[in-house]
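Quick heads-up: structures coming right below.
Next come two complexes built around chain A: one with chain B, the other with chain C.
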Partner chain A sequence: MSDSVLEIKGLEVAYSTNRGDVKAVRGIDLDVRRGEILGIAGESGSGKSTLAVALLRLLKAPGKVTGGSVLFNPAGRSPVDLLKVHGEELRVLRWSALSYLPQGSMSSLNPVMRVQDQFKDVILEHAPDRKNSLHELIPRLLGQVGLEPRVARMYPHELSGGMKQRVLMAIAVALEPDLVIADEPTTALDVTIQRVILQSLADLRTDFGVTLMVISHDMGVHAQLADRVAVMYEGQLVEVGDVRQVFKDPQDAYTRQLIESIPKVGRRAS
Partner chain B sequence: MKSELELRGVQQRFHARGVADGYITAVDDVSFSLAASPPQIVSLVGQSGSGKSTIARNVLGLQKPTAGSVLYGGKDIFKLNRAEYDEYRRDVQPVFQDPYAIFNPFYRVDRVLWKAVKKFKLASTREAGLTLIEESLRAVRLEPENVLGRYPHQLSGGQRQRIMLARVHMLRPSFIIADEPVSMLDAQVRKHFLDILLDFQTEHGMTTLFITHDLSTVYYLGGEVMVITKGQIVERGPVSTVMHEPSHPYTKLLLDSIPQPDPDQRWTSRIAVDELDDLEETDAQAAPAPEAPIL
Partner chain C sequence: MTADAPPVVAVDKSQDSAPSRGVRAWLSRHPLAAYAIRRVGIYFVELWGALTIAFFFFRLIPGDPVQTLIQTLQQNYMYNQQASTELIARYQQEFGLTGNMFSQYVKYMEKLVLHGDLGPSLINYPTPAQDVILRALPWTIGLLGISAVLSWILGVLLGAIAGWRRGKLGSAIATNLSIALSHVPYFFVALILVYIFAYSMGVLPARSAYDSNISPGITPEFIGSVLKYGLLPGLSIVVIGTLSWILSTRMLMVPVLGEDYLVYAEAKGLKGWRILTRYALRNCYLPQITAFGISLGFIFNGNVLVEQLFNYPGLGTTLVTAIQQLDFNTILGVTDIAIFSVLTAVLLLDLLLPLLDPRVKYWK
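Then we have the complex of A and B:
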């Protein structure tokens, strides 16, 4: 088995406009290693979310992939080029091998379904053979992210923002995917809740060996969570490296700027 | 124009199911005062559910507290006579969180500005009114020709939020009550908005109560900060003091939870959501790293 879950080679994504194509992702080469937490950093408009949706094959017109390949190596399956799979083949990969943790906004959960029904929706769609184990699976998944079993019977409006985000996390890992792509998982949450979410994300990797790709504009999040950090600027990777190296000894001028521009608030209670 | 806005022992309870006595206390015996002079910016910071928006509603007179009083110029705002109430209404202006919800989508954005001109008799002729509107739009760095005559959906969130600031600028209140005004704006627009508030303070002498959950915004604004948790204000002081030498364990936990951009300073202790509820018993400081580092 290869030790890379994902091998991205020369990926290019463009958005068509009246004035020609705007290149949002320009030739990215990046490996995601099995079991790691890889942080993708960059300012607004640097192309990090475009990269995520392209990998998930959720890119919508006018966006289009204009070049490159993305080799995905799920455990126990043959490697596939994510950019070339279609229809049923893609549907089977989704959730069971490749999953997505969206930003914890109001709109990610269905407001008229109980939490347990949202789990059922996903699990029955992608792994119908688990139908009989649902009653023990759902509480276990909720437990993994520190939620009580009674949350299963609640509706999204009964949950706080942090709880909703953790429900989304539990759904994302429900079928033990090889790779979870998390797009700004803690944006819009307050700092204490953010800390709880980051803790739970780290636990998922430690306890269940999930490989995580975490997209965030917040360098603090990367410093706390990631093993390696990839820095994007104007659609290109300017630096990829071990988290300590990137923060302590940035090789690229932009990375240095990004780290220097972090507002420093107060002191650390230590 | 009165010189002081004061909360005295304000308590706000709401009916709730599934709790012991049938009530939850959103605001619990809160007292503080805001002075119009010298103009200041006082931030009220706390996490979701701490009661900060309820305080905004109390101060604005949108919600009558179950106990205690809100005083404007020494008088209870719920006992003002007509003239005093009108003055209070003009002198204490709100800016709300959602720049989408405050506009009626069927009317042009001009309407909120003209309403203010008419209601508060700011100008006697149409020309004078228009001059005033244009002047205020420029004060919040909007070009009148780009926004007047447009419908809310044709403007960005930042533009809409600045139109509300233009309205505040026209009225020149002594107090602005801003409830999470930047939480739906992105970083650049957010800075813009905060700079305008700082302008209002220095150039027009307005005092702002700035309600937020975001500590970096508080840090940027400076001035004073009050920390609220579970309906109680636990700490008040200059931003620099509170941020560097927090005295309450909750403030410490809040500051400690800002992710530091340094991989060598990762959190070594864990917090659980329930732990946030019984912080009184467990001082965040007193319990050093009970288990292995989280990473």
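Then we have the complex of A and C:
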């Protein structure tokens, strides 16, 4: 078994406009190692979300992949090029192998379904044999992210932002996927909840052994959570490395600026 | 639930000492029941108001129905002038036209509410108007009711698919066809269908509700005949009805398709049909439920021409005959039925909405 879950080679994504293509991701080479938490950092418009959406195969027109390959190695399955699977083959791969954790403040939960039903539909879709253990599986998953079992019977509009984020986290790992791509998992939450969410994410890695790819503009998130961090700027990777190494000795000028942008207690902006 | 409504006022005054008990406290703990009681109350006020307006409105129409009747009788049976004066008084009594307008109104409402009596019908004198209406009602409910339900179900489903597959050829054809045809009058489609199936091909009957050679009853022959005769009028309503439901459903679907939870459902790897029904349609079809209730009103007055065209013995035909003969009691009776059914349908649907969508809340 390869020690990389994902091998991205020369990935290019562009958005078509009537004045030609705008390249959002410009030739990225990146490996995601099994069991690690990889942070993707960068400012707004650096292409980090486009990268996530392209990897998840959720890219919508006018966006299109214009080049490269993404080799995905799920445990117990044959490796596939994520950019070349289609239809039923892709649908089967989703969630059980490749899962997604959206930003909790977005309305990713279906407003007219109870939380338990949003667990149920994805579990039964990909693992119908767990039908009989659902009644203990769902409370256990909710417990894992620090939610009470009664949350299962609630509707999304009855949950706070932090609770929604945790429900999404619990759904993301429900089928023990090989890779979870988290897009801004702490954005729009207050700092205390952010801290708790980050801790829960770290716990999920320990408990489920998932590989996490965390997209965030917040260097503080990467400092707390990630093993390695990749910094993007204008669609390209400017630096990849061990998170401590990058923070201690940033090689790139842009990375240095990003790190300096973290507010520090006791120092006033001049 | 409703049984608890009357004591509200009475219990209110003795409430202060025991705030956690009593009807008001019970209502605040059961907001849905409180809502239902209030909604039913509003329903009765609406019903009363609409019936009242209808009554006075028809009384304002110029023309004397009794005079019309007498004239008809005179022409047909040669009554002499002397007998007519007595007759006028008697008929005015019977039709509820004595006294001032207010006392006529009170008498009318009393007979309607307490006895379900609409007064005698003029065209079929002395048959009561309610009997004339009840004779026609099953045909109308059968033909127009089934057509309305059928076009709603078909239209919402096809509209959802058209929205879902927007940009695809099939969806474009369905949408443009709907835009072009959804406002074509029913009777125009009916004429085309009659021309094709009854006149040119001669395969389907175009007049009446059943074969007059078959005696009415619960027999396979009669039911088969009713279905065969109902096919053309039903089809002309379903075709146009479906197209307009397609258009409005598609319009509701498209904005939902851009929602985050649809992207999430796709990322979950759910099957397309499940995403369409449980995620997209489920979040946008509520307005169509209410619209369906309102559209029921057209069953009673919007499809008069279809019934006329096919000589179908339904309410529409009854209404047209009644209007021609200035038959007040029947016209008013048909109007009352339409008011009653629309308000009742909307009430039932309003009570149903909180059960269909958890976000619907009528209380604070």
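Convention: the second predicted complex is superposed on the first by the 263 of 270 C-alpha atoms of A that agree within 3 Å, B and C clash if a C-alpha of one lies under 4 Å from a C-alpha of the other, contacts with A are read in each partner's own complex, and residues count from 1 in each chain.
Simple rule for what comes next: a residue touches a chain if its C-beta (ideal position, glycine included) is under 8 Å from a C-beta of that chain, and two chains touch if they have at least 3 such contacts.
Note that the structure is a prediction, hence the values are computed from the model and not measured.
When both complexes are overlaid on chain A, the residue A:196 reaches chain B alone and has no touch with chain C. Judged by the touch definition given at the top, the superposed model places A:42 against neither chain B nor chain C. In the superposition on chain A, no contact is made by A:63 with either chain B or chain C.
Of the two partner chains placed by superposition, only chain B is touched by A:220; chain C is not. When the two structures are aligned on the shared chain, A:155 is found in touch with chain C, with no touch to chain B. After superposition on the shared chain, chain A has more residues touched by B, the comparison being chain B against chain C.
By the touch criterion given at the top, residues 47-49, 183, 186-188, 213-216, 219-220, 243-246, 252-267, 270-273, 276, 284-285, 294-295 of chain B touch chain A in their complex.
Note for the complex: chain A touches chain C at residues 56, 58, 90-96, 99-100, 102, 106-113, 121-122, 125-126, 155, 157.
The part of chain A that touches chain B in the complex is made up of residues 44, 146, 160-163, 188, 190-196, 198-199, 202-203, 206, 217-225, 243-244, 247-248, 259, 262-263, 265-269.
Per the touch definition, chain C reaches chain A in the complex via residues 259-261, 263-271, 274, 278-279, 282-283, 357-359.
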